[in-house]
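One chain, subunit A, appears in both complexes that follow, with subunit B as partner in the first and subunit C in the second.
Entry: the complex of A and B
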């Protein structure tokens, strides 16, 4: 039996007995970032494929909430900073080694793109809208003409943004639960699934909902596969990784994880969506809301549990 | 130049003088500490072994904290000492997450703080505060590139370990066994 004791005394707030330096702000931001990445990815891809009329909600309406989601997410990030007045230094340095550094730059590019994208559809949705200034009208005309040109970088940046929400965590070698390369793809797929859920919620077009439902089922299946893969990897890893996995396989996070994320957040909505495709009447808000809540809880659990895991020495 | 520390776990008595000296020297706020003493008890009576370790930032060669800092506040000073520039730190907490030794904390003033090897003393040619007060003289601070330094002598003649070398951080605090 091994017992460790701080003989000098040590009870630093948020560090002891276990690390808890990141609170609700970070998982909320990761959720909003993933959601924004998902929505923008679908908008860009359907535009590139020339389906902006068939998939009108995904291309035109859903991206409207992205600027708000990203700005709210950035605000949460700002709230997380403990030395707030110095935040601007994020943008006076370029440090490619630091995921948080390049992530903040990706957001700096993504937020204006999302604003431009949704602004170019404002007049289509609200016909009485007037941009007032001539240069804004000229710019709008240019954007409308060059949508595909914007859609390509938007699709690529959306994938980077979605993966980044996972890499932000997986880059921390010191936290075994996060330190796995599957976390980036897992967060990307989960973010896309929440993005698809938003489109499902907003869409009134039956055909569009059917396509998005199919995409969402596929994403959920990939996500479940990634989650199995994640724990398989941990179980075959070092003792620190095994301990990390055990938090979810019998430890204190098992109940919330399997009940709210796997069952209510993935399997149940997938079954509902399959039933809907088979022709049963399912109110769309149920699977969509479950996916969104499940995605949010998933990020809270991973951020919370990851901070508990550590190297053993 | 490569500063490092060797700590003799067989001479340490766990008096915590190093902790108090550090808190006084560096004006560490009440309730926080940059170094700490840990007692590891292995086995059950009567087959028990005890190891006492005075722990602090390992001033790693491959520092995850320097790598993940988005503003470059965490950086290397001469001799590989890892220091946080308070004016550049935005308090994002990334370095705290990245440290396998939990050696960093968020200072009540907002920035992140940790052991500096008492760089202000080292630059004047003295030892860090913890080393200079140790009543059993169990700590050795010095330059690994200097073949005549005491620390090289200790590492040559004694068995030693570092903490969590599997984390790949190349820690520069060595515990003599």
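Entry: the complex of A and C
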């Protein structure tokens, strides 16, 4: 049916009325970015609170994944670019009104911090490691001495990074599903929850897992609250917003969204984690893996569905 | 009724279990408009997989082209979601009643390998049969009989009648 195109006269292939330019690279990157933000946030906060020995996995081991996750995520972004060799031009300007500008600069700060942070724990985790050069050893000694000084900007920038993964979408005012300010906090909380899941997955310390499990249950509850409010906001909005919400409330995304994100990605792992806190034996890999898969599918669905929502009728 | 114990030995009274299953079936009709099923989910997964690997074969095959290829969306199906729910529910019940571990349940007189071989063989034959009958114990017999489908009763009688005979032939695997 092409009436829509005939009547409106709007037909820019892949852009208007439907966007068809963002594929697997973007949601994968958003997932990795949120994951990295979550892990670094917990590492920084537990360091600031002086709990780096109690929460060893969260502070020392999990952050080692982050540089790889960020670099892989940035590589996905690079793959998405049409003019790949001009990516560096993002760094020739600072524009506070540009979410991509925010993202590139936040990543420019976060990636080196995450590398320095994990490098400063390498010798503690792998005692045979040798930094070879004196200046590296001196630098490591300085970092170890000033961890709290690094942890503060790391915590703050982790929050910015987590929110930015949502803001990147919500800045699109032509796409009703994305154009809501709740997407920033929602992606932040979801990223933190996936970060907590990674810590749960890696940690062998029973006490640490208990604390992370509690935090994760809280994050899941907040995330469900945000998702409910996301749809409440749409339902109370314009016809375009209502149509955007209806994609998930009876439309073609309903099944995958409620099955994989809400039920298997949030509620079911939360039940498993509550059972574990109650003393039942739960293989931790199951809730953690479900949260990670749910988070990934959530971003795929939002990116995919957002592109087909529109203001044209 | 047995007292509920959490040491892995507790099983629900089968009659009560049957009533609960019937209630689930009723709810399934009420919520989704469709009954319960199991083989359908496997069938759709197979059809979707074949459609990814060999789409020309799906287009040509009278059987696969009913479920995959063209406008069909085999993975966007109630049964797929239902079976995921079955897995999640079973997992939860395993945790609560402390029965969750990786093991092969078999008679002490046979090896795990023999048990797995016969399970696979039986599964293959049952899968084939379920497609001839247009449904398995859940889809054809349980859901079919619930809506008073004639085919459902015949399937039920055939499945359990054959099971009585084959169980006797293969009884050495269990006793």
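What we mean here is this: the second predicted complex is superposed on the first by the 296 of 313 C-alpha atoms of A that agree within 3 Å, B and C clash if a C-alpha of one lies under 4 Å from a C-alpha of the other, contacts with A are read in each partner's own complex, and residues count from 1 in each chain.
Simple rule for what comes next: a residue touches a chain if its C-beta (ideal position, glycine included) is under 8 Å from a C-beta of that chain, and two chains touch if they have at least 3 such contacts.
Just so it is clear, the model here is predicted, and its values are computed rather than measured.
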| item | value |
| --- | --- |
| When both partners are placed on the shared chain, which of subunit B and subunit C touches more of subunit A | B |
| Touching partner for A:255 - first (subunit B), second (subunit C), both, neither | second |
| Touched partner set for A:271, first subunit B, second subunit C, both or neither | second |
| Touched partner set for A:174, first subunit B, second subunit C, both or neither | first |
| Partner chain in contact with A:97 - subunit B first, subunit C second, else both or neither | first |
| First (subunit B), second (subunit C), both or neither touched by A:2 | first |
| Touched partner set for A:21, first subunit B, second subunit C, both or neither | first |
| First, second, both or neither for A:282, with subunit B first and subunit C second | second |
| Complex contacts: residues of subunit C adjacent to subunit A | 76, 81, 84-85, 88, 91-92, 95-96, 98, 100 |
| Of subunit A, residues touching subunit C in the complex | 252, 255-256, 259, 263-264, 268, 271-272, 275, 280-283, 286 |
| Subunit B-facing residues of subunit A, complex | 1-16, 19, 21-22, 80-84, 86-87, 89-90, 92-93, 95, 97-101, 104, 171-175, 238, 307, 310-313 |
| For the subunit B and subunit A complex, residues of the former touching the latter | 14, 16, 19, 31-33, 35-44, 52, 64, 67-73, 87-94, 96-100, 102, 105-106, 109-112, 163-164, 166-169 |
